[in-house]
Amino acid sequence: MASTLVAAPERENYLNNEYGISSWLFTTDHKRIALLYLVTITFFFFIGGFFALLIRLELLTPEGDLVLADTYNKLFTMHGQVMIFFFLIPAVPAVLGNFLIPIMIGAKDLAFPRINLLSWYLLVIGGCFMTYTILSGGVDTGWTFYTPLSTHFLDTHVIAAALAIFIAGFSSILTGLNFIVTIHRMRAPGMTWSRLPLFVWANYATAIIQVLGTPVLAISLMLVALERIFHLGIFDPRLGGDPLLFQHLFWFYSHPAVYIMILPGMGVISEIVTCFSHKRIFGYQFMALALIAIAVLGFLVWAHHMFVAGISLYAAMVFSLLSYFVAVPSAIKVFNWTATMFKGSITYSTPMLYAFGFIGLFTMGGMTGLFVAALGIDVHVTDTYFVVAHFHYIMVGGMVMAYMGGLHFWWPKLSGRMYPENWGRLAALIIFIGFNLTFFPQFVLGWLGMPRRYWQYSPEFQVLNVLSTAGATILAVGYLLPMVYFLWSMRYGKPASDNPWGAAGLEWMISSPPTTFNFDQTPTVTWEAYNYDELQEAPVER
Amino acid sequence: MSDSTPAVVEHNPDLRHHFANMEQQTETAVMGMWVFLITEIMFFGGMFAGYVIYRHLYYSAWLEGSQRMDFWWGTINTVVLLCSSLTMALAVRATQLGHRKSTVTLLIITILFGLAFLGIKGIEYWGHIVTEHQFPGPGFRFAGPNTSQVEIFFSFYFAMTGFHALHMIIGVALVSFIAYYAWKGRYGAHYYTPVENTGLYWHFVDIVWIYLYPLFYLISHVHRK
Amino acid sequence: MLSNTFPLWPTRASTISGQVDALFIFLLMLCGLMCMAIFVAIVVFAIRYRKRPGHQATQIEGSNAVEFTWTFIPAGIFLFIFVWGAYIYFLERTPPRDSMDVYTVAKQWMWKFQHTEGQREINELHIPIGRDVRMIMTSQDVIHSFYVPAFRIKQDVLPGRYTIAWFRASKAGTYHLFCAEYCGTNHSGMIGDVVVMEPAQFQSWLNGGGPMGSLTQTGEGLFQSLGCSTCHRLDTQGRGPNLIGVFGKPVLLEDGRTITADENYVRESILSPAAKVVSGFKPIMPTFQGIVSEEELNALVAYVKSLTAQPSGAAQNPTFQGPAASKADTTRQR
């Protein structure tokens, strides 16, 4: 199996150059900050996952018999808030992006290393407020905070939750700012825009959304808090206000937010598919352009969350049409990944298995997007489990699988160790099966008419709910496995070479793990991205 | 592979290790500030959007509210801020030229203008809140029709000018820091990025006021107390 | 424990259900096809192009022709889906003219229905088969949503204004009514039944009816008792506009705008009279916010709606204006 202790003294790298807790808490090294983020978001992932498990357990029976109605409402609210703001949004950018972007462009660090550390602290402080909210009784507004329910009809910790998300939002904004400036200004000589790996393009597009969209969420939450504190009437019809204004402000950010969540994952998949097909990406320019198109168009579709909210017929039509436009670049990407595999030389490594899963499940999730974008269909399925299934297919079947794939792919680089490949493949399979069993029945439930956020439900929905809960337990096992073997590998994993996968990209030309400043000398880049024609295939490592 | 800077060349003590040269560092820092200001535009933008919508719906209430603004204090404040932007811009120029004393003086005058703005704002708020009971909430009082709509006007007034004032306070603190370090001789022709960036921030906060002023104070020429 | 039925398709009980289902089935087939295509491609490529000795990857940069093909064909298909979906939505949001009105007040956590004939129901809605029914809905507190899966319709119910949903039931039976917008503790308990009856049965159910009299009668009673008739007289002498024939027509306002007098306009005029003042009148009407309940508002709206123009004669101006613009020469009171 793996060797335990390395006999010869280890080379100096970013992990062993300094020891002690201050060397972590006051680091400005982007690689260490990435690991700080990894710990933080993993913690929140399991909290959000725990809430999900309780939700699914309650839904085993039609009656509300496990928890109180109010408790259930808090569970789904906080599941959404924790998963979205403290896991999905930071995950790929703050863990993988932070670690890899400087290396991929040939730089020694991000443009603003201290702001990078500040970003992490902001996430942690926001997380503290979130934890406080959870421990002191929770919040039950739904993650969408609709008014006037959240402003005038609930007495739970709404402001604490809003503050938690507000602060986490600034973490996101600063990360986006850092990435934009870094990618513009810190590229090594010869690293032109058209030579950038698509992972960098993906995080760049994401950063644009983070920078432009998140402040609007900040002000929306701020106004909710002010309305609660000062009994204002901006969103209260009894005082002349308009509850729909809140929805517009909220969704103006929250729709682009889903692209913040998925675009980095798409970047990861481009890296994995090329490496394990040993082929350049099919249609590089279209892929890069598609990322930017999704980011831009994503700002124009927000009111497709409001088709039955009371907006005008004509507004609804405009937003439906635009929603179909934003589907086109996503479709292009799926086709291009598939085409990349054509005539490749394919390895079934764990990251590649996750990539297969991503492409399949993202396609399903994306196609169901066509359903909900159709006005006539959406009237029936909005606010039902159909929508819940749709976004979980993209977020969990898509994004979380991409994140897991990326973690496995770059694990040798981050840690200098290989994870156990067979366990990796097993976990990927379990996750795939568990995921589909959990969420596919929910499409049927939604079509049948089961509304979302229901603590108790009509008995004819039970069979499908039981299937869904069964899937959730399998999924939980699938997610726990990597926790265990990644930790195991840090001590007992086989030491990794610089390029165990035979992959293209600057990160694979430096040591695993990298030295503190990444490069001994700033590289000059003369080759295109995904130059697999020049690269040797990796020897089959087990 | 080419090297960045040979070890022999003496580099600027302010050059941070992950940058190849001062030019890259300066351009990066300035770009960072611009991107940050764009996020600020989006932050205020949400409130501007809400303002525009309600003004369209409740125009007469907006008119009423605007007529209860103190036109003279608002105008004086606008002049004060414009002057402060002038002194700030001159301070940046002075730093670029290496004139330490002028830099510090101009920065201090900028701070004084900023404090004057905040003081006047305080006077206005006192009038609105304490004297006229125009702070939204249970204590809001307005004689005339459309009370709740006028209350929404005042909600936007306090929210927008309040956030603006918060940004002014941060700005004054920033300029104070910069003034202190300028006095210590930290900046000069070789390194003035922090001054330049603070200047950008200050100008931005000024521009936000330039929009707030007509939107709240100038809806109608007829003003009454 | 387990229900005896394990349905996989929701019942179709309205005239729009079939249309919605048709688009859904089309999408199912389209998506099934696409997903199959991608899955098969991945599996085939993964096996056929697996790494093995003697096999090398072929580096392919791309193909503009292929890219444009799979950009424009999907775009075309998406456009087709959009038009189809928009058409159904247009039908769903355009209630027919002679619909039977049912006023709905949603509140945490129940549905209150008022039939124009006077019946009141809570959490149960009786309607006849084959009749266009128009739900005129408002909320007393937070946002709710009126959802009948069998009818394939859903409409959020907002505080402070009316929203409309309409349907025509096509199959007798009892169908679920769910609240579909999270509204607090008992959101999942805010459910009920829609009972669709044959016309004869519905008639007899109606006749069993409300002791209060019709909604319009209730409204007329309120119109008198709240003092509305003092200013809104049936001639042109009142301080307020004559309301006969107003409903559904354009109204010229003091600030120059022209709006249509619909349910929301009447409601707003009662609760925030100064918001839209009719041209030629002064903003002297007091507000009735806090004085009338949602149900009473519904009755008043129904009453104003019933004030169709008398054949004998009140002003039949196509655009309703104040008396200053009409032929009457009454001097206005201050």
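Letters A, B and C name the chains as they come in the text, with residue numbers starting at 1 for each one.
One rule holds for everything that comes next: a contact is a pair of C-beta atoms (placed from the backbone, for glycine too) under 8 Å apart; a residue touches a chain by one contact, two chains touch by 3 or more.
Everything numeric here is computed off the predicted structure, so don't read it as measured data.
**Q** Among the chains here, which has the CA centroid at the largest distance from chain C's centroid?
**A** B
**Q** If you tally the C-beta contacts for A-B and for B-C, which one comes out higher?
**A** A-B
**Q** Let me have the rounded angstrom distance from the C-alpha centre of chain A over to the C-alpha centre of chain B, please.
**A** 35
**Q** Starting from the mean Cα coordinates of chain B and chain C, work out the distance between those two points in Å.
**A** 46
**Q** Please list all residues of chain A that touch 2 or more other chains.
**A** 238, 240, 242
**Q** Please set out, as single numbers or ranges, the residues of chain B touching at least two other chains.
**A** Correct list: 58, 146, 148-149.
**Q** Going by the touch rule set out above, which residues of chain C reach two or more other chains?
**A** In chain C, 272 touch at least two other chains.
**Q** Residue numbers of chain A touching chain C in their complex, please.
**A** So the residues of chain A touching chain C come out as 62, 64, 69-70, 73, 140, 142, 146, 148-149, 153-154, 237-238, 240, 242-244, 277-280, 282-286, 307-310, 313, 316-317, 320-321, 324-325, 327-328, 331-332, 334-336, 338-339, 341-348, 356, 359-360, 363-364, 367-368, 370-371, 373-380, 382-384, 444, 447-449, 451-460, 462-463, 532-533, 537, 540.
**Q** Chain C touches which residues of chain B in the complex?
**A** Residue list for chain B touching chain C: 58-60, 145-146, 148-149.
**Q** Enumerate the contact residues on chain C facing chain A in the complex.
**A** Touching chain A: residues 1-3, 5-10, 19-20, 23-24, 27, 30-31, 34-35, 38-39, 41-42, 45-46, 49-51, 55-63, 66-67, 70-71, 74-75, 78-79, 81-82, 84-94, 108, 141-143, 145, 147, 149-150, 152-156, 158-161, 163, 176, 178-189, 191, 272, 289 of chain C.
**Q** Would you tell me which residues of chain B are touching chain A in their complex?
**A** 1-4, 17-20, 24, 27-28, 31-32, 35-36, 38-40, 42-47, 49-50, 53-54, 57-58, 135-138, 146, 148-149, 151-152, 155-156, 159
**Q** Over in the complex, which chain C residues touch chain B? Could you list them?
**A** Residues 255, 272, 274-275, 283 of chain C touch chain B in their complex.
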